[in-house]
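My questions will all concern the structure given below.
Every chain is named by a letter (A, B and C) in the order it is written, and numbering of its residues begins at 1.
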Amino acid sequence: MSKTIELAQHLEKLHINNMYKSDFYWTWDKTDEELDAIFTVADALRDLRERNKSTRIFDSGLGISIFRDNSTRTRFSFASACNLLGLTVQDLDEKKSQIAHGETVRETANMVSFMADVIGIRDDMFIGEGHKYQKTFMDAVKEGYRDGILEQQPTLVNLQCDVDHPTQCMADMLHIIHQFGGVENLKGKKIAMTWAYSPSYGKPLSVPQGVIGLMTRFGMDVVLAHPEGYDVMPEVEEIAKKNAAATGGSYRKVATMEEAFQDADIVYPKSWAPFAAMEERTKLYQAGDKNGIDALEKKLLAQNAQHKDWTCSEEMMKRTRNGSALYLHCLPADITGLSCPEGEVDNSVFDRYLVPLYKEASYKPYIIAAMIMMSKVKDPVSALMALDAADKRKMF
Amino acid sequence: MSKTIELAQHLEKLHINNMYKSDFYWTWDKTDEELDAIFTVADALRDLRERNKSTRIFDSGLGISIFRDNSTRTRFSFASACNLLGLTVQDLDEKKSQIAHGETVRETANMVSFMADVIGIRDDMFIGEGHKYQKTFMDAVKEGYRDGILEQQPTLVNLQCDVDHPTQCMADMLHIIHQFGGVENLKGKKIAMTWAYSPSYGKPLSVPQGVIGLMTRFGMDVVLAHPEGYDVMPEVEEIAKKNAAATGGSYRKVATMEEAFQDADIVYPKSWAPFAAMEERTKLYQAGDKNGIDALEKKLLAQNAQHKDWTCSEEMMKRTRNGSALYLHCLPADITGLSCPEGEVDNSVFDRYLVPLYKEASYKPYIIAAMIMMSKVKDPVSALMALDAADKRKMF
Amino acid sequence: MSKTIELAQHLEKLHINNMYKSDFYWTWDKTDEELDAIFTVADALRDLRERNKSTRIFDSGLGISIFRDNSTRTRFSFASACNLLGLTVQDLDEKKSQIAHGETVRETANMVSFMADVIGIRDDMFIGEGHKYQKTFMDAVKEGYRDGILEQQPTLVNLQCDVDHPTQCMADMLHIIHQFGGVENLKGKKIAMTWAYSPSYGKPLSVPQGVIGLMTRFGMDVVLAHPEGYDVMPEVEEIAKKNAAATGGSYRKVATMEEAFQDADIVYPKSWAPFAAMEERTKLYQAGDKNGIDALEKKLLAQNAQHKDWTCSEEMMKRTRNGSALYLHCLPADITGLSCPEGEVDNSVFDRYLVPLYKEASYKPYIIAAMIMMSKVKDPVSALMALDAADKRKMF
């Protein structure tokens, strides 16, 4: 029996009826079994690709991508996922620093979605705006479908918003699951999500938020650490606490990187901007206050520079369990002595984890494809079995 | 019997032999039955998509798109149409404000068309140049095919030129046909194509020209209204007159928006630039006269501003039949109080017609796909019947 | 028996076992029979397309394109080739003038290749860097495949590097073969690869190098001519000499265009930059020395301008065999009196060879597709036979 058939049989046992035709905004909108379904389908698609089997479920169709920020990795992950399933990507090139208004979004959403099967949106720059944009867009296409403007209803894959980064965090999580030999081995494992110094400015909060919102669901001890003033959204911390309580794990905040790293099994040191400052920035952009934006940038860079000791050095890594915690990063990292003089991680640490880091990233296209498949295919169990039984992708 | 089969049976009765391998420049190049065929196939493709049936007629192939002006809507419509039929879009990114010369066009046309099945060109900016460019391009690929450079001969879909905008106007028309319950109900209906004030500059004439050139073929009373100096091309007005005479409808010009709107069943208020000024602009661009271009822009904006009363206000709409004429626009509109202080249409009017406006736009990808299908498929009747009998687009 | 079957039967006799899963860097890495295989498959794919047969060998899959320089022709050729085989192109938009470093290339290579079947790279600008970049990139994906990051191993098509331009030169060569009625008629034919004056700066050396590295393999008398200081890479000249010795042809350098053109059967007059100057430029770019780059550009343009007599005039053409040598160019050419006041070729000469020039270019997508097919398909003989027996590309 192939791995895909085994996975399809596992999928059959899960309660996944609500996933068909549903959007994927945040991991905490989904039940544990629904997340399990995504991981399961991602693994199955990867197994099929390894055997060069076709995973095409669409004869034609479009995946619309909207990146309201530059992106190479997520762009290629989305394009790869669409291609894997038989969809063609059509990119909507939105101006970067422009915050779109309701009516315009509603019109655009309909105009670009006539043949859309799936919509992938990345809008992570502006606190208070990213999720709102995705919601406005998807509400518009739902209305469009209801009103007979669109013949088919497209679904959303959140490719990063101001609140969560579900495709990244689910890829991170699937990587952890495989590294530790299964989700059943994660109980009690300590994972440290910590802030790290970077010479650049205004990195989104969606990764740390997504991590504490997701990783607290597997019975792990999740620790968040950051310098004063770098708080994440309190709503997401509430979710993390509830998750931990439900799974017998824990969620807590500590004041130093050292404490977070102590005996950690997994570390995720990464820079982000303070929530309050990002809220201020959104308002400055809305007001078109260029001088205010520049002044804020200077202030934040100076604030960052006070915490250069928050870095994933060899010394810091020694504190982790057996000095060999699994090091995670969403890439690209700011690497001390390679991409910048002082950054998030020592070059020697980063270099030692190169293969697992690339492997971590390699799950993302499969996670995205699994999200698309679960929202577009009514009977994914039969679909996987049919793909397993069908032909090679390369016809000759 | 499905709607598609009914439409295929209707198609079978039409004289459409000249459409195979033909280009689509202007609606008035085509016979009434040929236009009927486009509408019929567009409706059939929409019915097939509604039932999620595959409409793929190509196993592989390229649709080349050339936009000599920014475009989101037309770009997505063309991409959607190509995807619907199984073609991949490859975009040729031409510099915007550069008027290409014969030899260069001839070389480029061949170089990008080795695998092209269809070419979509939008070149609407320069009066006297847009159609010429399309013709030069298509003549070059015809020669290329004749000389054995190209193994297959691609056909043209005019995505807007300086003379006509056939994909837009045919989408508008199909929308009208469905709103009025069939082409047989249009006899004697009054449609007002009127200029409207916009704070922007240099909008193409192809929409009003396309509208009077097409809508006069269905027995309707077509009225054109614009302030002095905003004349459209006299050649197109001649066509409108001839069409009206042949169908028992009428074509006339009136001096005010009020008169045009009076008892109208359909209104299409939209800004455009004066023909003479656009001719002047083309010459200034050809001469590279930047100062002249700027001076002309200022002059035209000032001229526009004298006609701010030409606006589709609530007051103006009250003059139409029962105060509820069908409001049309090719989008995006300049909306008073929403996208600009004073524009083409009151926000409350626009907002009331949002669903029909989006529906109007939704016909465009199907019209484009129908144009492609009629020029590339020798026996479209059998093709539609085969698509109706075949599998779902989503395989699982 | 179709032409494709004949070609498949010829292919069956060739030793091509090493081509499966191999990269295509330089023509001189390949045996004569391997190059023959590329020509054979290119001809077969063209025959299949002429009969509108499907040449799709992939059900899904990505061709990644990386153009580290602007390119319309090569971009369309690669896109056409991928489409011909069923692959979708995903373009990685790299900044133009940035010389990437090892670690960054390694990371990017993996991040964009999760679903890649083939990678097409053009990096011709910097002497000493183009090939190195391609090699670093492909080594990284090989490691990625070995380490389980990539499930399938993509292969390279060199779309132009600093050393060779194999897709161009193989297209040129296939054009020559067909113009002269077969490779067996080329023995003793004289081909003149000569420098020609152009008012532009810094054109790559990969075409002249590719030409002398490839055309010396067919028993022809290959002559290279350029003004003093415009030498090509000595390593490639060594290859040309060895090739000539092995095939009974000759390779030599002459000092004037006149001597090169004398009794030539084929002429390839084209501008390029001096090798030493291009080496200097690479260093200036690496140092970010903007002033140095500008100074070098001025110097090189002045140097070029001393050799305006190196031009393919009507007078010059009269020296060739019967005054009617086959004129080649990779396009676009700098045409005297058309695209510039003084350039590489007289307008009247260029115009007379328009059809063969376009035909020359038309082989490129087929050459690229043949390279992809030979590296991705284990049994190309059976594949061609199956394609010949299968359905039309247009299904209806």
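Here is the rule we go by: contacts are C-beta pairs under 8 Å (C-beta built on N, C-alpha and C of every residue); 3 or more make two chains touch, one makes a residue touch a chain.
The model shown is predicted, which means the values in this text are computed figures rather than measured ones.
Student: When chain A touches chain B, do the two copies use mostly the same residue numbers, with over half shared, or different ones?
Tutor: different
Student: Through what angle, between 0 and 180°, must chain B be rotated so its C-alpha atoms fit those of chain C, rounded to a multiple of 5?
Tutor: 120
Student: As a quick test, compute the distance in whole Å between the mean CA positions of chain A and chain B.
Tutor: Centre separation, chain A to chain B: 41 Å.
Student: Out of chain A, which residues touch more than one other chain, so two or more?
Tutor: Only 56, 88 qualify.
Student: Which positions of chain A touch chain C when the two form their complex?
Tutor: Counting only chain A, the residues touching chain C are 46, 49-50, 52, 54-56, 72-73, 76-77, 79-80, 83-84, 86, 88-89, 331-332, 338-339, 354-355, 358-359, 361-362, 364-365, 391, 393-396.
Student: Can you name the residues of chain B that touch chain C in the complex?
Tutor: Within the complex, chain B touches chain C at residues 56-62, 88, 90, 92, 103-104, 106-108, 110-112, 114-115, 144, 147-152, 376-377, 379-380, 382-383, 386-387.
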